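Each of the next two complexes has chain A plus one more chain, namely chain B in the first and chain C in the second.
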Partner chain A sequence: MRTVLKVVDNSGAKKVMCIQALKGKKGARLGDTIIASVKEAMPNGKVKKGKVVYGVVVRAAMQRGRCDGSEVRFDDNAVVLVDKQGQPIGTRVFGPVPHELRQKKHVKILTLAEHIA
Partner chain B sequence: MRLEKCWFCSSTVYPGHGIQFVRNDAKIFRFCRSKCHKNFKMKRNPRKVKWTKAYRRLHGKDMTQDSTFEFERKRNRPERYDRNLAENTLKAIKKIDKIISDRASDHIKNRLKTGKVQRQKEARKQLELGIHLVKAPLALAQDSSLCLPKIKVNVSQAQTEENQPMED
Partner chain C sequence: MASQVLPQALHMIPRNQVQPFNPVKNRGFSAFLSRGPSPLTTSKVSVSGFHSKFPVGSSFSCFARRGFVVRAESNPEGEGEAERNENGVEEPETKAEAEVEGEGEGEGEDEAEEEKPKEPRKPRIKLGDIMGILNKRAIEASDKERPTPDLRTGDIVEIKLEVPENRRRLSVYKGIVISKQNAGIHTTIRIRRIIAGIGVEIVFPVYSPNIKEIKVVKHRKVRRARLYYLRDKLPRLSTFK
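Showing the complex of A and B:
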């Protein structure tokens, strides 16, 4: 709630603010989907400012435990905008993404990513 | 399962330990414990922090070049499982570990050898000069093997003249 995340695809938005975390009482973590409101957008983009969108958290500054016991942490909080079905709106993804997305069935984002951490 | 090296202190990170930090340029930093992680966040250079392997190797405290380091090289191609190979590798790992630790301790011993010899020399000299603190003068007089060495001290006239104005 109220967390401002960076948008790392080319859907047009620059910053979104989380308004709800789907699935999870304690909040969304790395790999979870959120509902967000676009706060800052590029002038000619697919999404405009003020629009309510779905997003997948691809980078989180909070560490998330992996099944082998290690923990991963990223440098910032970033999100990739998706539609209700989970398909990304944009066509490119910037920066590293975790391979937790594979388990969450966000394969399309993984294929678009330039680096999988 | 892979045993990684801590980015800061170069110790091995076993599974279930430590934190992996992924920077936005996709460079991965692995830390063995929060001590190394916190030092990294403080932007400390491991080459300047005395207890890290990077510092020790850079300043010649630990051995840097050895043929045994080839065994620990990162290999990205997975080997087909062969029971004999696995068994032999496990035996070899034990032996190689012993060899590495022996060579490393030898390196440190050689490094500290010169200091030890120096200190022994100094101790001997000190004992000779200060034998009167250890043995009573009567015992020294009776036992001629422990006599005080004759010390020649040069007293120059110029020195005493300089001291006089200071005392006033």
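Showing the complex of A and C:
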């Protein structure tokens, strides 16, 4: 709630603010889907400022534990905008993404990604 | 060695016949305290001076009772028997096995039974050391499959990891070790690297079976144990090709 995240695809938005975490009482973590409101957008983009969108958290500054005992942590909080079905709106994804997304069935984002951490 | 051992045993004999075992033991120790370090317990003298006198006294008191004054092969057994109790001092180098040694064996034999063939006595493991021993064993087991190099903060390492999700190739992670947390088998290192413009820190358990190889590529001189200051610095300092 009220967390401002960076948008790392080319959908047109620059910053979104989380208004709801879809799963989890304590908030969304790496790999979860959120509902967000666009706070800052590029002038010609697919989404405009003030639009309510869904997003998938691809980078989080909070560490996420993996089942083999390792943990991942990124330096910023980033999100990729998706539609209701989970397909990304943009056509490119910038920066590294974790491979937790494979388990959450966000395969499309993984294929578009530059680097899988 | 026998010449030094014999006078101690002879010293103990008259007292044993007069009093029961326990008070004699205490008195015998005070007498032994004044003597120099015994040749039998040379390895343990460094631990505590008091402790090294104990085993000699009690062992020879119980043997003297039964008429064994000096026996070459009885020395390790005698030491093992006496180290079982009294002080909480522990020597890990002798206690490799997990068997609990029969503690009442020495005293029971003194009181009631006649001689029987002595099996070598195993030293008792103290409760507080069990986790340390288990961790050491687990580390040795993992070291046998894959040797782990000595890692320190500031090393630039390359880790080859097998990820069950990836299925095909080994993932390679390169970066600088910014911290190392020692916790026995769950010793972890934190690797930092700039990937595609964003800083990423990953914590790896060093003795994990998923890690196929750890290689130290370079070393950077650092003056800290934890390099968390790298998070605020320029990305250039955390970039490794």
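Keep this in mind: the second predicted complex is superposed on the first by the 117 of 117 C-alpha atoms of A that agree within 3 Å, B and C clash if a C-alpha of one lies under 4 Å from a C-alpha of the other, contacts with A are read in each partner's own complex, and residues count from 1 in each chain.
Everything that follows uses one rule, which is that a residue touches a chain if its C-beta (ideal position, glycine included) is under 8 Å from a C-beta of that chain, and two chains touch if they have at least 3 such contacts.
Computed from a predicted model, the values in this text were never measured in an experiment.
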{"item": "Overlay on chain A: chain C relative to chain B, clash or fit", "value": "clash"}
{"item": "Which superposed partner A:99 touches (first chain B, second chain C, both, neither)", "value": "second"}
{"item": "First, second, both or neither for A:74, with chain B first and chain C second", "value": "both"}
{"item": "Chain B versus chain C as contact partner of A:22, first or second or both or neither", "value": "neither"}
{"item": "Partner chain in contact with A:62 - chain B first, chain C second, else both or neither", "value": "neither"}
{"item": "First (chain B), second (chain C), both or neither touched by A:52", "value": "neither"}
{"item": "Residues of chain A at both interfaces, chain B in one complex, chain C in the other", "value": "59, 63, 68-76, 95-96, 114-115, 117"}
{"item": "Residue numbers on chain A that touch chain B, as the complex places them", "value": "59, 63, 68-76, 95-96, 98, 114-115, 117"}
{"item": "Chain A to chain C touching residues, read off their complex", "value": "59, 63, 68-76, 78, 94-96, 99, 102-103, 114-115, 117"}
{"item": "Chain A contact footprint on chain B (complex, rising order)", "value": "1, 15-24, 26, 28"}
{"item": "Of all residues in chain C, those that touch chain A in their complex", "value": "163, 165-166, 186, 188, 195-205, 208, 210, 231"}
